[in-house]
Amino acid sequence: MTAQKRSVPDLARQGAAGMNTRKLSTAVLGATGYAGCELVRLLLRHPQVKPPLLLSREGEGSARLDEFYPALSSAVPLPLEPFSWKKIKAQRVRLLFLATPHDLSRELAPEALDRGLRVVDLSGAWRLKDSGNRAVYALTDRDPTKAARWDSASVYGLPELYRRDIKGAQLVANPGCYATSVILGLMPLARAGLIDRSAGVVCDCKSGVSGAGKNPTSKTHFVEVAGNFSAYSVFGHRHTGEILEQTGLVHDELVFTPHLLPIPRGILSTLHIRLQKPATARQIDRLYREAYAGESFMRCFGSGALPQIQYSLYTNHCDLGFELAPGGRRLIVVSCIDNLMKGAAGQALQNMNIMFGFNEEAGLR
Amino acid sequence: MTAQKRSVPDLARQGAAGMNTRKLSTAVLGATGYAGCELVRLLLRHPQVKPPLLLSREGEGSARLDEFYPALSSAVPLPLEPFSWKKIKAQRVRLLFLATPHDLSRELAPEALDRGLRVVDLSGAWRLKDSGNRAVYALTDRDPTKAARWDSASVYGLPELYRRDIKGAQLVANPGCYATSVILGLMPLARAGLIDRSAGVVCDCKSGVSGAGKNPTSKTHFVEVAGNFSAYSVFGHRHTGEILEQTGLVHDELVFTPHLLPIPRGILSTLHIRLQKPATARQIDRLYREAYAGESFMRCFGSGALPQIQYSLYTNHCDLGFELAPGGRRLIVVSCIDNLMKGAAGQALQNMNIMFGFNEEAGLR
Amino acid sequence: MTAQKRSVPDLARQGAAGMNTRKLSTAVLGATGYAGCELVRLLLRHPQVKPPLLLSREGEGSARLDEFYPALSSAVPLPLEPFSWKKIKAQRVRLLFLATPHDLSRELAPEALDRGLRVVDLSGAWRLKDSGNRAVYALTDRDPTKAARWDSASVYGLPELYRRDIKGAQLVANPGCYATSVILGLMPLARAGLIDRSAGVVCDCKSGVSGAGKNPTSKTHFVEVAGNFSAYSVFGHRHTGEILEQTGLVHDELVFTPHLLPIPRGILSTLHIRLQKPATARQIDRLYREAYAGESFMRCFGSGALPQIQYSLYTNHCDLGFELAPGGRRLIVVSCIDNLMKGAAGQALQNMNIMFGFNEEAGLR
Amino acid sequence: MTAQKRSVPDLARQGAAGMNTRKLSTAVLGATGYAGCELVRLLLRHPQVKPPLLLSREGEGSARLDEFYPALSSAVPLPLEPFSWKKIKAQRVRLLFLATPHDLSRELAPEALDRGLRVVDLSGAWRLKDSGNRAVYALTDRDPTKAARWDSASVYGLPELYRRDIKGAQLVANPGCYATSVILGLMPLARAGLIDRSAGVVCDCKSGVSGAGKNPTSKTHFVEVAGNFSAYSVFGHRHTGEILEQTGLVHDELVFTPHLLPIPRGILSTLHIRLQKPATARQIDRLYREAYAGESFMRCFGSGALPQIQYSLYTNHCDLGFELAPGGRRLIVVSCIDNLMKGAAGQALQNMNIMFGFNEEAGLR
C-alpha cells in the first residue's frame, strides 16, 4: 500500500520540476463555506497548483473571498465569480472541488465528469454505495442511469484505505468528518476481526461548531453554544451509513452519537469496543502501528497516551490512542482530527495530491 | 417519600403571610429575547409579584416560553399569548414591561399609558430628552404631540440617580447596558467637577455577546466569536446619547468605543479620565463611597482592587474600582455589570420595586 | 433616598417571622475550594440557617473568604478562621460540612461524630461500602474499628434513593458529581431489570473544569483547556466504585469514560444501554416519570428532547432525556447536572434540608 | 527602508542556493515555554535552517519537547538537552535564541556574544536604552561595564523600524508583544507629528492568556479566565518603557492599560488619539499605507474596516485599521497581532531572516 507512495518523486525533485512546468488548474465551488475557504487557503500555498478559480453559487454575486474572510486579505486578489462552465474551460481547469450542498453536488458532478473534469466532492452525495443508506439525503437525479453509473464509479476518498483507487479516480467522494475519525479508529480492529459484534460498538463522538456550517442559526449562536454541550441527531446522523459501509458492521452493531463541543473546530471520537477475545496492550499497539505504517498523516500514540483535540488542530493528522481494561476485553480507542482538515479540506487536498501524482504531503506540512 | 416535604409550608403561602396583600400583576412583551427571558426568571421568583402574563409579538404564535428556553422547564406553565389589550385588562395588569424593538416601544407605550398602565420600557425609545440624540433611532410617531409629552414625562430608570422620580413615574425608560456601566462609573467625578473635559474622557467598553440579541447573525455565530475580539460601532453607538445627557459631557469630550467579548454575558468598561487637578487615591475612594453610600447594588472596590466581569455575573451589582497614576492626574475607573441584570432585566426589576414600594432588593438577592 | 428601603422589614426579621425558631448553626471546612465556596453561597441565602462558621485548613491562615472570591464581597463579613473544635462548640454548630481532601475527611469525620455533630462529607472518604472499591483512595485510619463502624453507618447522600435514611443519618456521604449524573440516569432501568448486562453499559461522561478543583495545574491552565477536549482516567476513575455499588452492575458490565470539557461547570453523561427486550419510547418515558414522581429536582424531558448542559447550570436539577433506536433495543439516556450544585454543594444543601426537616427546596430555588 | 529588502535574493534563488549550501545552525533555550515552542515549530519548517538544538533550563532534565507538547509528535525527534556551551560549540551554532526569564537573558547573552554567537533575546532584558525604564526589571549584572556596552549595542528588533540595524546586529532584543502592537499602530502618527500630546494617548490593550506564560497560576486557571475579562498592571506594566522609548512620548502623555481576554492567543490594541489638527480619513489612510509600503507583514485595512483578532492568528501579520470621528480630530486605531507570532516567535524568526540574509518571509508563510 505504501510502495506506490515511495515511487512518487520526492518533494525536492517535484518542486524543482514544478517550477519548470505548468501548474495544475483547479476550481472551487463553495469557497465561502468553512470547508471551502480552508481548501482555498491550502491551495494557495500548494507549490504545484495555481491559485484556484473561485466560483460562487447563485445569489452570492460577484465578490472577493476576503470580503467573507478578511483573514485572507493579502496581495493576491481572490475574486469570486458566478459559476460558469465556460470559465472553467477557459482556465483549463482539470480538477473541480465541490464544497456544495448534497443536491447541487449530485447535479453538477455528472456534468463536470462528462466534460472531462476530475471531481473531488466534499458533500455526502457520492459517498454511499448502498441506496438504502443514501436515502437519508433524499437525492433526486435528472438522469438516474448516469447517476447510478457514477455511484458505482466514485471512489471513497479515504487515502489510508483506497489510495490506489483514488489515484485513477474521476470522481472522489471526500468522506464525512465524523466518518473519517471513526473509520480510521475502527479499521485495524475490523480488518483483524477483533470486534465482538454481539456487544455492539459505541462511537461517542464530539465535534466543534464549524462542522455545523457557516449559516447562522439558533444552534450556532454563540450564547447557545458557549459554556454548553449537547448530543444531537442521535440514531439519525447522516454519517452513519458511511461508517457501516466501510467497517462492515450492520445497524444493530453500531451506535453513533454525535455531540456539539463549544469550540470552533476539532473532532474527538471515543470508540468503545469489546474484543472477541482478550488482548494485550502490546498487541493492540502493534496492530495499529502496522496498519498505518508509512502513513504520513496517521499518528499512533499507543496505550495510555490518549490524543487530545488540540494535538491535531490545523493539521491533516488523524491521531489515535487507546486504553485496554484489565482483563483485555474492553477497549477504548480515541481518535482525533481537525474536522476542517483531515475531516474535509485537508483530506480533499491529500486526494488531489494522489490523483495528480504530487507528494502526498505537499501543501499539508 | 415526599410526604415530609409537603408538611413544610409552601413558598406561596409563606410569601402571602409575609405581605398580607394582593400580589402585583405584570405583563412582559418580548419574553423570548435574552433580556425579556431574564426578566421573566426574576419575576417568577419575586415574592410580591404574580407569574407574569407573557405576551408574544406578531408572528411568534401561541407557545410556551420553555420551548424557547428549556432551562425554564418546571411545574409552572409559561404560556406565551398573542399580544392583546383585552387580556392585559382581564388580568388587571398594572405594570407592562416592554422588551421590544425601539419602534414597537414607541408605538405601544403611549397607548398603554393612556390605558392607565405603568410602563418600564427596556428599549432605547424613551431614554433621550434631546431629539438630536434620539435621531439615531429614526423613530416616527403617529401622534407626535403625545409622544413629545411622554418624552418629557418619562424618567431615566437609573435608580442611583433618579430614585425619587422613578417612584412616581408612569413611564420608566430602562437605561442601556453600556450606558449604565459608564454613567455609574463617571457620575461621582462628573458631579464633583473633577473631570478635565479638555483632555476628553475615553470609555473603552467590552460586552458579552448576549448584548447583541438572540437573533442569529454572522456576527453572533460561534465560530466568528470564539477565540476572537473586535471593536464595533466606533463613534456611532446608540448608547452615546444617553451617556452624554446623563454626564453633561458634550460630543467632543467623550469617546465611547464598544468591543465584543467572546463570552455570553457581562460588561467591563475601562474609563480613562484626566482630573482637573491632582487627587489622592484616598480622596477618589471617599468620593465613590460617599456617592453610593446606602446603595444596595453598588460595590466600590477602591484603589488597586479592580473588579472583573465574573464578580457581578448573575447579580444586579455594579462593581467599581480604580487606579490613580503617580502624579494623581490620570485616573482609570473600571466598571462591571451583568448586561442582562443591572444592564437590563435586573435594573427593570429594581425600577419596579421602587415604583411599587417593594424592598428594592426583593427578587434580586 | 434609602429611607423607603429601610421601612420594609429586613430579610432576617422576615425569616424569623416565617419560622419562629432558632436558626441552624453550621460550619464549613474547605470553603476556599469551588464546591465549598458554592456551599457557602447557598447557606448564606438559606432562610433557616445562620451564616456558616468558615473554617480554614492548615496553612490558609486567617483571612476572609471574599479575598479568595471577590464576587462574594458584600456587607456580610466572611471571616475564615483556623479550624478548632472549640470554636465549633462555642458557636453551637450542629452540622459540619467537610469540603476537604479524602484523607482529612477520613480523619475528622469520626471525631466530629463523637462530639455529637452531624456531618455531610463532600469527599469520597465515606461513600463506599465495599473496601475493595475504597482501595482506590488509599485511606489509612488511626482507629480502624471506629472507621469501619462509620463505613457501615454512613448514608450515601442521594436523596432520590435514600431520603428516609438521610433524614436520620449522622454521617452523610455526599455523592461524586459524575456518580450522581450516572446513577440517576441508570437507576430506573436498573431497578426495573431492563438492562442487558451482557452487552455492557457504556457511560461516556463529560465534565467542566471546576470538577478538577481550584488548584492550578498544567491540566487546568486556560491555554491547555480552551478549544480542547480530552478523555482522562479511562478505566480508572474513582467514581466507578460508587456507580457499581449503587446500580448493582459489576466491573465487566460497566464502562465509565470521563472527559474534560472546555467549560467552567456542568456535566453531561451519555449512557448507552442495550435493553433486555424491546421497549417503546412511551414505556421508557413512563418508567422515568414514575421513578421520579414528586421529586423537586428531577426533570424528565422524555423522548427526543435531550437536555443540554446549559439547562441545569446554577440549579440543583438533574435533567434526563432519552432516544430509543428503531427496534427498541438500543437506548441512549442523557443526564445533565451542574457539577457544583446537584453534583456537590446543592446536593449537600438538599441533604441538610432533609436531615433537619426543612423544605427540601429551601435555599435551592 | 525597503530598498535593502529588494536587494536580498528572492525566495526561488535562495531556496535553490540553500539546497546546495550548509543550513544555519541555531539553538533555542527555553523551548518549553509558549513562545519558545512556537519558535521551534517555525524553525522546523524553515527551509534554510537545521532542526534547532533545544536546550533546557536547570531542573527541566533531559527530555523530549513533544513530551511537553504532544502536538509536535512526529518522525523528527526533539530531544531537550541540558544547557551547555560545549554542545553549542560542537554543533556550530551561530544564532542563539533566548526564550528565558529576564535575569537569565541578562546573564547569558553577554557570554554568548563573547563567544561569537549572535543572539535574539525574547525577554525584556535588552530592550530598553534608558536605565530608568529598565529599573522595572530589577536586573543586576555581574559585569556592569560589559552589560552597559551591550545595552547600547543591542538593537530593538522591530524590523519595520530597524531593519538596517538588525541586519548587522550581534544582539537583537525582540520586542514585547503589547509593545509591538502599540508601536506599529502609533508610529506613522508619531513620526508625522500628528499626535496631540497634550490630550494624552490612551492605549487600551487586550491580550490572550498565552501572554501570561505556561506556568499554571490562579490567574491562568481555566475557571478563573473563562467567561471573564479583567484589567491588570494598570499604570505599571513593563512594556510601558518600550512604548515610550520608541514613540518618543513621555509618561504623562501615554496611558497603557492591559486586559486579559478569555482566549488562548492574540492581541487587540485600541489606540485613542487626538490629532494636532483635523485630518481626513483619506489622509490617515495614505499615511499608514505609505509608512508600511513594501512591508510583508503589515496589513492596512483602512478606514471603517477594523481588524479583529482572528484575522492575524497563526500569522506574522500586524493588522491595522482606524476610525476618524466627525470633525477629524479624534482618531481610533485598532492594531492586531498574534502575540506568539508577530508578538514573539514570528518576529524572532523575521529578525533571524534579516540577520542572515534570508528572504524575510521564509518560514512565515
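Side notes on the structure shown:
As written, the chains take the letters A, B, C and D, and residue 1 is the first residue of each chain.
Note that in this section a contact is a pair of C-beta atoms (placed from the backbone, for glycine too) under 8 Å apart; a residue touches a chain by one contact, two chains touch by 3 or more.
Only a predicted model underlies this, so the values are computations on that prediction, with no experimental measurement involved.
Placing every chain at the mean of its C-alpha atoms, the farthest one from subunit D is found to be C.
Per-chain Cα centroids separate subunit C from subunit D by 47 Å.
Computed from the mean C-alpha positions, the centre of subunit A lies at a distance of 42 Å from the centre of subunit C.
In terms of their C-alpha centroids, the spacing between subunit B and subunit C amounts to 34 Å.
Multi-chain contact residues of subunit D, defined as those touching 2 or more other chains: 226-227, 262-264, 308, 310, 313. A complete topology is adopted by the chain contact network, contact being made between every pair of chains.
The touching residues of subunit A, counted against subunit D in their complex, run 12, 19, 45, 70-71, 73-74, 226-227, 299, 301, 305, 307-308, 310-315, 365.
Interface of subunit D with subunit C (complex): residues 34, 209-210, 214, 216-218, 220-223, 225-227, 262-265. For subunit A in complex with subunit C, the residues that touch the partner chain are 198-200, 202, 204, 206, 224, 226-232, 234-235, 252, 255, 257, 259, 261-264, 266, 268, 270, 272, 274, 306, 308-310, 313, 323-327, 329-330, 332, 334.
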